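Structures for review follow.
Each of the two complexes below includes chain A, the first together with chain B, the second together with chain C.
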Partner chain A sequence: MKKTVRFYSGAELVGKAAIDAGCSYFGGYPITPSSEIAEYMSIHLPKHGGTYMQMEDEIAAMGSIIGASLTGAKVLTATSGPGFSLKQENIGYAYMAEVPCVICNVMRGGPSTGLPTALAQADIMQAKWGTHGDHPVIALTPAYLEEIYEMTIKAFNLAETYRMPVMLLLDEVIAHLSAAIELPDKELMVIKNRRKPLVPPEKYYPYDTAYGDVPPMANFFEGYRYHVTGLSHDKTGFPTTDPDLVQADQERQIRKVASKADEIYDYESYLMKDAKIIIFAYGSTARAARVAIDNARKLGIQVGMMRFKVLWPLPEAEILKICSKAKAIIIPEMNMGQLSEVIERYAADRTKIMRINHVGGVPIHPTDILNVIKEVV
Partner chain B sequence: MAFEYEKYLRMDKIPHLWCPGCGIGVVLKAMLRAIDNMGWDKNDIAFVSGIGCTSRAPGYIDCNTLHTTHGRALTFATGIKMAKPAKHVIIFSGDGDATAIGGNHFIHACRRNIDMTLVVVNNNTYGMTGGQHSPTTPIGYKTSTTSYGNIDPTFDICLLAKAAGASYVARSTVNKGKVLEKYITKGLEHKGFSVIVATANCHTQFGRKNKMGDPISSRKWIETREIPLDKARNMKAAELEDKIITGEFISEEPEQTYWENYNHPIHEYTEAYQGIIEKAQKKSEGENK
Partner chain C sequence: MKVDHYEARFAGVGGQGVILAGKILAYGMVSFEGCQAIETPTYTAQVRGGATKVDVVIDKNHIEYPRTENLDFFLSLHQKSLSIYYKEIKDDAIVVVDPNLNPNIPKNMPQKLVLVDLIEIAKKEMGKTLYSAVIAVGLFAGITKIIKESNIQKAVIDNAPKGTEMDNLKAVKIGIELGKKALESKEKIVILTIEDAKLTDSND
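So, the complex of A and B:
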């Protein structure tokens, strides 16, 4: 098999993977540090017959990808902090109407304009609770360039499989990192497409739960002529205020991800077998943690890492198991403790949670983590 | 022979939610007649709307219908049209939806000149939320948020659309359903972004607070303020205050002055983007040689 090694940046890999996954529409708006993704798409999408639209604002970019997705296109938008805030209104629409789409957020320092050119991991809770109301969540947090390629394709597969927005959370460091890498063979990547109705139009309901928690989705202009709204709706897609129907629909939407969490979550275990001290990390911070672990091992300290490749949903059972046997859990993150708060709830009094929270825009250094490991010992 | 509206309506969704005597019904009927004039297949049409009374219209139409977020209909419509340029995309909006919360999307949709048709039903108020003042509430009028009389200057939606680059712009009123049908048909026929404004009555929310709480007096109020564009051209600004100028606002005559033809579109967007695809693919072939 012919292998090609090439220089890629993280941003380019998002674009390349999106096109390889079948993305044919990108709606964007310039914002640092994610603009390189839009630039890549503006050059390469039309080569594949796809469309790059630079919209008038972030809200419009998000609206336009939902419109394109309804016609059957696989769609992507990319943004950073302030743009992610603006998109939340229409992200909520995509949840409610169950429209597949991928939203890449290259995290930078916040709140507000914050640190436009510096890294952060401070939008992980916004990826979960950014829009109003309850909804399921899938958020991916790659840490390596090869992983950006694989996980962008995975993001599209998950969006199509579960008929919902999927968050691809990069941070400024890995989006701007460039390196020569070898990509997996495109032909060997699994590509998933949304389930389309097998029934004729007169028997089709856009939210028909007879086919499971993820109803088949018809494309616009293919004879099905159905209605889509952001209002609470029944299986026909038309508005309803019936308390039982609304309750059932909300429960189904949560369930469609919760019941498949063990197929969705993804993590890497690093030197976990004998580890007494465990590091929980994600994104570029996990790279520093890995170096810290290697250095600690040289000192004879039994430390390992659970690195979340998918941050939401979390592997709850595995986390609970670790909480009950670990001497301490160290959580380095580029925010004021957003994941730590979640893990603290799992841990209760069973283990000690050590936080490392840097929000100055500079990466967490392996030494910062090593010092905390030594502190625990 | 009577026009068969049933052919285009989801009859199981009737009766509609609009108040008796509401002007939106006239606009909906004009729209259905216009798409019938075009002879389009219902499967090839998408109706898109935002939030508000007018935005409920697509729900009653037996086509592909999308009821989106407040002010954002044009953004969803843009995605649909760019993904499927051969299909027909029609947008329903109200004055608040199109020119307040959706004002940015409105001017940029006009600027791009994508081949879509926008119908704005202008009833001078936010009807669904209880009759607050909108960007088209005339000065001095009372609404639920201007109890002492409105002091906010208004937008002229047609002039705004024209200045922003829309390539077909027209206005009539719900008193003239046949004229609306004609303008909407011309908008649908037109290759480019079309804006048709239908001035409408909201006697329930707006009229009630201004001593015209029934459909007849509200529509009379519209009728007495209507001035045809040809006549308006020779009138002074002060004389046109609080008037509804009706007619077609875009001239295709190339000898027009810069000021009269300001921002006249140079191309239709989906066709221009096809040119981008061809250029990109040519470059790609060159790279692969």
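So, the complex of A and C:
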């Protein structure tokens, strides 16, 4: 009996989910290990009535998705470290102008051109602070193929709901692997769209906080004219240097995510109930950690994991609770300790943080993690 | 599948089609053997001529750690990829390399070394070198018995571009024949020639 089998790679699933979420524009510039996303979109997006545009460079690609989003399109770009660096100025523009967009970064080794096509998780801080100035941050870090599909849709929903760029952080392992998976029923997926103004054009202000921290957004070419700028602006969209207005606007933008953090953050607890040693992990590294935990449990070691499906924002209260009771927290990551630094602030003197940092372009092996677990015991 | 877990690597240089070999094997294991399989290609910035490999991790159950740990099977069509990717090889692994390459393999391992010029065989028997990857998956099936002959044939046909099914079927059969000869041999180092690739009537 032959089963109907469909193999997907992680990269293909980003593209498929984007289309299922209603994405109608992809502006990109191919860069490994994210090129397969552009490839998928170039083949499939036009079939669904969307537009694929290969731009002249990474900067233009980011600019183009901002422009397309302003016309009402759901938009995606995909890149990797060097391209993510180039995009940062326009990403800042998208934060300031509050333009929904999804940026997928398939992380590779850096800095600079670093390790093309090799694995890293070293852009998680860049996803937070890559562009200058203060702004809210949402970054998703799936670890499984099914999750890539679900979380790409979630990235679009969050971008549309909060009117901002949302980062989808993959690593090379999960972007490139292919396996046969069963996708959730598309019809059952929740798809969210941006809130549009209910007032006529002459009464419309693009940054009108009378409707809450996320102002309704009018599409260009539907009769609503407004000014879009990277300068600090008032509710009309025109520049202002009024300290009170600028202060209030910055606070609102931070607040629109901070006040909803408990609806945004997402994590999976694995064998946490009796765990004395806790692993914090995200992305493909969490899969190695899970194998290490299973092996440690066979040795009678009480170890569990908090796996961050959403890396920014973090579940602060839960992390603080764990820091107060854990014997040690082990943080394996494919960088020099970017999440560890954050967690160390939460932990203070309450628990010991053990770092596992690999930056050679090959995955952290379950044995590497198991050895540290044994060391703690 | 006769074992619970199996790891295979097909290596070469970009353009030789080894990544397709991995895709066909993973597809076959999932579609016809009821296993789980994860296939991960690795390539360099050079599209053609760069060291390339594909890893296939096969398991009867869910695969949590998606990368290879201990390879049961390693095949390389090129010195470049042999030098870079000859790693994580089990002591009793089956290793298949081109006899023109310098295997530089430590003594006492692997248990079985098969020397066969797949590219030459593809050129002579199929008229095109690009069939070497399909011959390679056939050889895999013939020597490892991880996937049934009929199932690897079905997997090849399902993945063949329209109009090339019969040629691909011939290529996979050549591979199976080579693999069976290598398996039957009691020698630790088996040298296969183009004579071993000849299909008899019973193969057709």
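Please note the rule applied: the second predicted complex is superposed on the first by the 372 of 377 C-alpha atoms of A that agree within 3 Å, B and C clash if a C-alpha of one lies under 4 Å from a C-alpha of the other, contacts with A are read in each partner's own complex, and residues count from 1 in each chain.
By our rule, a contact is a pair of C-beta atoms (placed from the backbone, for glycine too) under 8 Å apart; a residue touches a chain by one contact, two chains touch by 3 or more.
Predicted model, so just to flag it, every value in this text is computed and none were measured.
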| item | value |
| --- | --- |
| Superposition on chain A - do chain B and chain C clash or fit | fit |
| Touched partner set for A:177, first chain B, second chain C, both or neither | second |
| Inter-centroid angle chain B-chain A-chain C after superposition on A [Cα, multiple of 10°] | 100 |
| Which of chain B and chain C A:59 touches, first, second, both or neither | first |
| First (chain B), second (chain C), both or neither touched by A:291 | second |
| First, second, both or neither for A:265, with chain B first and chain C second | neither |
| First, second, both or neither for A:221, with chain B first and chain C second | first |
| Partner chain in contact with A:116 - chain B first, chain C second, else both or neither | second |
| Contacts of A:207 with chain B and chain C, given as first, second, both or neither | neither |
| Superposition-derived minimum Cα distance between chain C and chain B (Å) | 13 |
| Touching both chain B and chain C, residues of chain A | none |
| In the complex with chain B, residue positions of chain A that touch it | 24-25, 27, 43-44, 46-47, 49, 51, 53, 55-57, 59-73, 75, 89-90, 93, 220-231, 238-239 |
| Contact set on chain C toward chain A in their complex | 23, 26-27, 30-32, 34, 36-45, 63-67, 69 |
| For the chain B and chain A complex, residues of the former touching the latter | 13, 42-44, 46, 48, 58-59, 62-69, 72, 74-84, 87, 104-105, 107-108, 273, 276-277, 279-281, 283-284 |
| Parts of chain A lying in touch with chain C, wherever the complex brings them together | 2-3, 5, 7, 32, 116-117, 173-174, 176-180, 284, 287-288, 290-291, 294, 363, 365-366 |
